[in-house]
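Right after this note come the structures.
You will see two complexes here that share subunit A, one where it goes with subunit B and one where it goes with subunit C.
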Partner chain A sequence: MASIQYILKRLLLMIPTFFLVMIIIFLLVRFLPGDPAIAIAGDRASDADLEAIRERLGLNQPMLVQFWLFVTNTLQGDLGRSILLRAPVIDVIFDRLPTTIFLTLYAVTLSLLIAGPLAFVAALNRNKWPDAVIRTVFQVGLSMPVFYIGLILLTFLAAQLRWFPVGGYGDTFVERLHHMFLPSVTVALYTSAIIMRNLRSAIIEVLDAEYVQFARAKGLPDRLVLGRHVLRNALISTVTLLGLSIGNLMSGTLVTETVFAVPGVGRLMLEAIFARDYPLIQGLTLTFAVLVSVVFLLTDLFQSTLDPRMRLT
Partner chain B sequence: MTDITALSAEATIPQKTRLQLALRKPGFLIGAFIIGVSAMLALMPGVFAPYDPNLIDYVAVKQPPSWAHPFGTDMLGRDSLSRVIFAYKVNMQMAILATVFAMTIGVIVGALVGYYRGFADMIFGRVVDAVITFPFLVLVIAVVAVLGPGLINMYIAITLVGWVYYARLMRAEVIAQMGNDYASAGVVMGYSDRRIIFRHLLPNAITPVIVYWMTDMALAILLGSSLGYLGLGAQPPQAEWGVLIAEGRNFITTAWWLSLMPGIAIVLTGLGFSLLGDGLADLLRPRG
Partner chain C sequence: MRGKLIAAAVAAATAFAMPAMAQDRGGVLNFARYDGSKLIDPIYADRNPDIWMVGSLFDTLLRSSPDGNSVVSGLAESHEMSDDGLSVSLTLQEGLKFSDGAPLTGDDVVFSLDRARNPDLSPWAGLLGSIKEITADGRTVTISLNSPDPTILSMLATFNTAIVSKSVFDAAEGATDQEKSAAIFAAGGAGVGSGPFFLSGFEHGSSMSFSANPNYWKMGADGKALPYVDGVEFQIIPDDATRILKLQAGEVDAAEFIPFSRVAELQADPSINMNLYPSTRIIYSPINTRENRADGTPNPLADVRVRQAINYATNKEALIGLVLQGAGKPMTSPLMAAATQLSADLGPLYGYNMEKAKALIAEAGIEPGTKITFTTLAGSTDDSTIFAALQQMWSPLGIALEVEQVDGPTRGAKNRSGEFDIHTYGWVNDVNDPSQVVGWLGHTPTAKAVGTGWENPEFNSLFEASATEINAEVRAQQYETMQKLYADSAPLLFMYETPFAVAVSTAVEGYVQTPLGNNIFEEATVSR
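Let's look at the complex of A and B:
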């Protein structure tokens, strides 16, 4: 296990980063065109009403005071009220977040199932035709925009063949797996292309390593060599890559949710942007940043647990 | 292109053999061919497009592909092939404008913080950490939300976020290069910092940046068309691949060609840049 000291150090490093993250979000929202007070109260609000809203939100205070208010409120879990949905931002986000997390985990599982075996086939047949075919297909996959993959799947598998529902989320777990299959495949096809490429070179690198050649030379069966040495080492790099690609994964999820009308935080972000719902934009941007940092942290811990060389010094 | 020639002169393998090696790779050739054709279409769409891309013809609405209209017509009777061809202008422009400023800023900042280190480098490190904490698309669409939808605002948004990735790469490369004898020699000879950074370190450190730039141009087209699709990038009636796909989305079961064809253009161009990038990586790699 990673030591407590290491975890503490890692958490401590997150403080200045998050301070900057808060500054970026704060500045972004302050630069939004239009008066937030008018956005909240509507065009026909009286001057007194607007003044009251500015007073309540602290919009008439100096910038530094506003920033302080933003930081303290955020730390207390108060992200303001959504203009679009007329509810506390934090509630709205927690309402939609599980859907996005479900979609992301589903997509990660599928991409490992797609990329894992194919990477092995490609690496073991290095520079022969199966390798060439697999790599070409994934190279094309990498060049496809997520929304295009989604649209094609939606048209042929849902609208034409009716194998999958066109939209919705489903109520039970099994229904959900069925409903979310196409969105997850959409994200997974893109992610698996990234994983496949790296996993293939990781496997090749391990296969060429002296300790694996030694294991083979001393007569260990291939299955054991692959399982114990190659797979374990290739897994470390894959999980690390997946963790570091979480930003890409989230970007893909955002677009996919829009294509398939999945009620997650990604689609909410776009709705918030079109509605100029600035407290919601602020809250969602922060949520994405928190999600990514948590995954970065977990990746680090995972890596330092499995690979002592990587431990922060 | 002159930069590239200058760069490779440093390398151990003679320029000619490197080029011959690269030319023997089918991937590099295919990539160069695709990008060459794309650039031609982007520069002179009027020469290749059979019709005016904005010519509305209510008599020929949503016609399937035919000899007269190889990609069919859209809901306003406009010729899809002509619209896809005219979109090359916008999308190829995207590949360049969404990346070139980010690269320039990133290269300069990265070289400076890599050379001077110290306090500025520490701040830079925190900025990188903070920026990569946001999913790229989330930060870009948040900036687009502030500036308003449209192509120019999209370029500004992508530049504001994207330079960090170039700077990070450049910084690491400059630090690596400073370990070499030639860098210390420059200091000993009493050259100015500016001369050492821009005349000596930069040309040697820029190779990975150029290779990344190729990939980034492919990504810029993907990102730009995604924003167009979402309604945050190019705005209709401008012909842009993402916008075209979004326009066809509502008729996807009856007029599938409207969304399918622009997508193929995206995939082809993205593929072209990736293949070209891989080829350049081989061509520019210091050790053969």
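Let's look at the complex of A and C:
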């Protein structure tokens, strides 16, 4: 019951957050230099053509009127029509969003699969060679730009060894797992480096805790000590970090989706910005805000499951 | 490199004129594009990724000849201009059909051309401003003009006058023509084409499919209807490196817009033909010629001697080496690429001459340390290279060149408002006639002479007179004079022409990109 009340409270708190996001994004896109009418009609359009486009898009109306229309239409589920694609923004986003969500979830899964076991190995071999090797490799991964890692992986694993396709998305679920492996692992390498470092430190800290020493003293097997006491407690801070990382992962899709030719909302956002497609930029930003808020809520809920001391109030 | 360019020109011309003899039929050609199409409707296409695909789906009444200097038959088997230049009569080929099997009639032609010239619909309607009325009687189509128009035949070979199916538009959902067009294209299913292909699949930002039109009128070398391939699959891959990797991995058969820094590497690959197709693309820099800058301060570039000096001080060959790795040539006409009709060969414009440049600067009384801002596209490697080179080249003149980086729409807005000193720009002709580019670059009422503010009454009246001049010799003379006037006044930093760089697998033959940028797949073959 308490958790339902908590969820409702959090959902209510999202309303002012979204309103703030709407104000900021509305103003930001309009303060960007560059005229959407020129972006639509091209540099060669006549002044009369540009004026007609501004009139048609309502860009000649006072800012307050434009904002009022934006807010009221959004509340009715109407995010407007994309200037670039001449289609309803909501349709365009729903068309492309599953790809980005798939990429993000795939990357998170891979991050955990890479970081989890290696963090354990590193922590249990603290300051020995396996620890040093793992930390050094991840340090290198952290210091390289995402697009550069992507291109290296593409060159060797796709173009030369031909284990994976160079780009694209695939049609079936299995094809998607295959097509999206390289983009996901590119994103995952960076995230897993951060998670691994955090999880390793947390495990080391928990290993030294009195309750772990007590569990060992009473003769519990290592498997139980590590699984039930160490991992569960070490994961608390890592879950917070993972929640925050998902926000970063979503913004990272702008680069990854471009390099790997993945048709998701990240690449769409770049196209929308270059085309000064106000409705699409606004719609995408709101979508990102909703997704990140939901992820943060889920993170908090999961944390309370891991650690009952964290009360949901 | 120049040899390669000529070879590509010959290959392009041959591909138009003489199809390969032993034909491989069937197969699908996979093509990697730098950007996706948004709406391939002849009258609404306003971006190159749309315009350059129109011809594959919708045919025009006439077509540009391979050398670009005249027109040849298209959907119309013959055409005749009246002696007074006030009407054009065209005869459609017999038995024309759309891809769905419906007959292509004079009614479809009237519908398509009326859409194209409607200023409430098409941004290109101005190109057909001379048309008074279009009528059809059986296979005969008559176009009456308000005044003689020397460009009308070229316009009938231009993408915006391509023929669409009236019945498909009549049946489409939507209250307005725009809504109907968007609905037809967004359907993503089988479209109806009059060109060698029809649209058979479309996923925005990801892929697009063309399938062979079984009813296409044009015959191949084997006596059967073109095209040779069953279809073309397009994948949208914006990243240059990924597009090339995709070709090298054999996942696509061709990749367009190859960066010039990668051309030599791909030329050395035995499985790839690195084609450099001659184009009408010119890279130039408009110079603000107004007396004062937008902020009210005096503009040193208002003095023609300063503009001439910076042109003389720019080593174009060096720029071509730095930016294009040699795959280009200095502009020889100030107003257009050499591949354009009526382009006058004035030799390399403002060949490198530092002494002359210094003398002009001294004569103009320019103080050492004079600041000039060069506006470039943020993220463009080419622009960054050009800026760094010009900064060095102009420093002996005492010019302190500063950079301002902006994105495309901002650069466009600055050009319009005159808030710039000098900035990079490029152009590719959309029409097989020089009037479009000359109007854009030099005619003040059209676009303030590409935003430079340059105004020359003699040039403007020559341009206006040439719009109704049907005597070819007189028109050519008018154009030659305009080019000389423009060169002397130097409202631009004249830079270079660049080819279209498309890397194609050796399994593909017959694909061509025309000087206007149009992708031609109708005679392409794929052997696997």
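Methods note: the second predicted complex is superposed on the first by the 275 of 313 C-alpha atoms of A that agree within 3 Å, B and C clash if a C-alpha of one lies under 4 Å from a C-alpha of the other, contacts with A are read in each partner's own complex, and residues count from 1 in each chain.
As a convention for this text, contacts are C-beta pairs under 8 Å (C-beta built on N, C-alpha and C of every residue); 3 or more make two chains touch, one makes a residue touch a chain.
Computed from a predicted model, the values in this text were never measured in an experiment.
When both complexes are overlaid on chain A, the residue A:Leu85 reaches subunit C alone and has no touch with subunit B. Applying the stated contact rule after C-alpha superposition, one finds that A:Val21 touches subunit B and leaves subunit C untouched.
Of the two partner chains, subunit B is the only one touched by A:Ser293; subunit C is not. By the touch criterion stated above, A:Ala132 is placed in contact with neither subunit B nor subunit C. After overlaying the two complexes on the shared chain, residue contacts for A:Leu113 are found with neither subunit B nor subunit C. Using the contact criterion defined above for the overlaid structures, shared-chain residue A:Thr258 touches subunit B and also reaches subunit C.
Within the superposed three-chain model, A:Thr155 lies in touch with subunit B and with subunit C [touch as defined at top]. Residues 32-33, 151, 154-155, 159, 258, 274, 276 of subunit A contact both subunit B in one complex and subunit C in the other. Interface residues of subunit A facing subunit C in the complex, by the touch rule stated above, are 32-36, 38-47, 49, 84-87, 92, 95-96, 151, 154-155, 158-159, 162, 165-169, 258-261, 263, 267-268, 271, 274-276. Contact residues on subunit A toward subunit B in their complex (touch as defined above): 16-18, 20-21, 24, 28-29, 31-33, 139-140, 142-148, 151-152, 154-155, 159-160, 246-251, 254-255, 258, 269-270, 273-274, 276, 281, 284-285, 288-289, 292-293, 296. Here subunit B touches subunit A in the complex through residues 126-127, 129-139, 141-146, 148, 218, 222, 225-226, 229-232, 242, 245, 249, 252-253, 256, 259-260, 263, 266-271, 274-275, going by the rule given at the top.
Remark: subunit C residues 38-39, 46-47, 123, 126, 178, 182, 186, 203-206, 235-239, 241-242, 245-246, 248-249, 251, 406-410, 412-413, 415-416, 425, 440, 447 touch subunit A in the complex.
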